[in-house]
Amino acid sequence: MLKHNKSAVFLLIAALPVALIGALGSGPVSVDLVSALAEGWGGQSSDAVILWQLRLPRALLALLVGAALGMGGAAMQGMLRNPLAEPALLGVSSGAALVAVLFLYYGTAWKSGWLLQALAIGGAFSAAAAVWLLAGRGASAGRLVLAGVAINAFLSALIALALNYAPSMFAMQEVVFWLMGSLANRGWDQLLLALPFLGLGAVCLFFTRNYLRALALGEDSAASLGFQSRMYPFIILLGIASAVGGAVAVAGTIGFVGLVVPHLVRPLVRQDPAKLLWVSALAGALLLLLADILVINVVGAQELRIGAVTAFIGAPFFFWLIVNARRGQWL
Amino acid sequence: MAAHSHKRYLPWWLLLGAALLFAGKAQAYERIASLNLCLDQVLLHWAKPADIVSLTWLSGAEQYRSLPIPQHVQLNRARAEELLPLQPDLVLAGQYGAQRAAQRLQTLGVHVVTIPDAYSLEQLQRQLDALEQVLGPLAPLQRQKRALSGLLEQSTGGGRPSAVILSANNITYGSGMLEHQLLQRAGFENLVSGQGLGRISLEEVIALRPDLLVFYGSEQHFALAYLAARHPVLQRYIDSGRTYTLPSQLSLCPVLAVVDTLQQLMDKRETLVKAQ
Amino acid sequence: MSYTAEQGIEAACIALGLQRGRKNVLRSVDCTFKPYELTAVVGPNGAGKSSLLQCLSGVQRPSAGRIVFNGEDAGRLAASQRARLGAFLPQSETPAWSLCAADMVALGLLPWGRLPDREQRVQQALLLVDAQAFAERPVTQLSGGELRRVQLARLLVGRAPLLIADEPTAALDIRHQLQLMQNFRSLADSGKTVVLALHDLSLAARFCDRILLMLDGALLAQGAPQAVLTPSLIGEAYGVSCEFRWRDGIADFVPLDLLRKSSG
């Protein structure tokens, strides 16, 4: 059993470079990968420029955003002890998106990328904190999820409203970018902006991994095992906000990855909520990269938003969850 | 209610009828109204300010305002009820949009002239003719006409550098479009040869290796639509000065922008050819 | 701390009070739990048994009074250190994920980090509650009694000198109730301080050294079983008339009839 699980995780890791090569080979222009790779970073041929400046950053950004969403979803589910929890659910994603939208379309934040990232993370965190306050101290997971759904709906409406009144004439049609996410036309600059915040989120979650483990037994048991400080949920929320908020600011809200991925890989880590973080990050990265390859090859320049593709994958999974729940497994 | 308003407007009808009789003879209109953003701009640029009575509200909107609007000019939302009391002796309408108001005004006896839209050089010349016919021989209009035909007759020297247009949302312009014609006339070869509007990915831009990268419209406000144009992969074009930005006026009202744009493109070609 | 975790611990509650909302769920409780002692906390529903255990284990911060471990204020201990001194099993502990039984038991070792004998300890604890047969089964597929035994193994797997369990025998069949109480007895005999909230007065009388009888958040009586489990005290606390038959130190508790509750 254990060996089987380890080899599955190994397969996941091995699949990453394969998918990466697939992503580098996908695009509207056919590129000679080998010679473009051989030319290296500073290559001047169009093949090399396309590979190094366009495809590689986009593929890496897909990996990074997927990892952030997978990890954020795993942390959220662990913290709420609820398999339906997702960063988008607690309003974390839409909080980040709303702040990003406000500062991008109404302000000048886009001229300083770091500021935008920090603000988006602040938005993500305040949204989560608002849910926390609305649900009340020590709220049950059910109440928290209810509060999250309410806040999330409200924030999504605010995003649409903000874009409706934005001065740019393109703003209205871009609602869909923010609510469905997109990786189109992103480059190294966006990747470098999101990367440190994913790292910060991972560090936060690394520090709280044992709390997540203990929390599998419930709050009282976790407290009796030495995890009674209010700091733990705070640090987890900060970690989720940092990773997910950083990703949302550059790619919009991409749903379902945070929900589906932890479910898929939970058996691989023997349900351990701590190891789940890292394997979910891995699988989330892989899933989003595969979804992006699908977007590039099937839809082409007429971009279907990547969120639509992940929803295509996620919705049937939701059906499966419901059917499972009706069989009385674990909901 | 309807009958009541008809009665109220009766004196105006008579007045308008009389005005029309005069208008036929006098040619020079003194109370001109417009139902179309581009025609607003044409009037603002070329007509005597005192002759304008009403323009569309869009011309007052921040993102479209190119010239200050004179105090006495009323802004309309293309409703016949707004224009009637102003007693215009000429109402200019575009080919599309505000059709209902134009028809209504016409049935009420107002002199409405529809100016054809222009999406190509040929249509532009026809539009200029139509404008001249209705507005009379305005000096700036005739200057524009002369300048345009002068530029079109000019033959470009040897060497046809290549160009690609990358507009917001990865839109590009192929054959049949005014933007394509301007590139051709300025001596460029547009590498996107497809018909009409199309999409072009950054990868294709890079793979086509155009000598000149043409952006479209300045980005006053942020939009994801401009992400492609801000992508660092295009930095080399910006650094080496091999970019040109078509003015957004060219898409709003090409008749006003066409001469300047064509001249700038020709100059740009000149410098590119010299540099090679 | 001057003693190691393996040594005994004397835990004392001093004027302990706890407020939940406007209700005083604990009112000035004074009691002491000593090494080698198995103490049962009994009382009717809502008497404050769980609250007392929660305060003792550090899950609840008392609103008045304090908890003292070997003379030192337990409230000043670091959370991790306190967790190494006292282990606690709440009344209900539903695992959120379908961990397998052995992995759930191993969570009891979290306060100690990575122990070298981790695997053996888990197996030992499972053996202690007769749960080795379903060590690899997901806990969500266990019956209520089986799950309770796994939870007890989770409690016993660590090295804490103070063991606190809230109604550990609930949901267990009589064989496992007996086995469990014997285990707690021998743990107490080996020097641990054991505190259990119990509903079964016969079991409490038979296995425990001391009984704390609670009513309305306060201690009604404490002492040896024979002294506390008297018909008059039980009648006052529970509102039932009853009979205790003592045979060879084994108490047979028989509730007889409802008493008319005296108002106030």
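Points worth noting:
Here the chain labels run A, B and C in written order, and each chain numbers its own residues starting at 1.
Definition applied: a residue touches a chain if its C-beta (ideal position, glycine included) is under 8 Å from a C-beta of that chain, and two chains touch if they have at least 3 such contacts.
Chain labels with UniProt names: A = FecCD family ABC transporter permease.
Because the structure is predicted, anything quoted here is derived from the model rather than measured.
Nearest to the overall CA centre, using the mean of each chain's CA atoms, is chain A.
Note: the chain lying farthest from chain B is C, by mean C-alpha position. Distance between chain A and chain C, defined via averaged C-alpha coordinates, is recorded as 43 Å. With centres defined as mean CA coordinates, chain C is found 85 Å away from chain B.
The part of chain A that touches chain C in the complex is made up of residues 1, 78, 81-82, 210, 213-218, 220-221, 223-229, 266, 270-273, 329-330. Of all the residues in chain C, the ones that touch chain A in their complex are 54, 57-59, 79-84, 86-90, 92-100, 103-104, 107-108, 110-111, 136, 138, 140, 154, 164. Against chain A, the residues of chain B that register as touching in their complex are 62-63, 168-170, 199-204, 206-207, 209, 220-228, 231-233. For chain A in complex with chain B, the touching residues are 27-29, 46-47, 49-50, 53-55, 104-105, 110, 166-171, 173-174, 177, 182, 184-189, 300-302.
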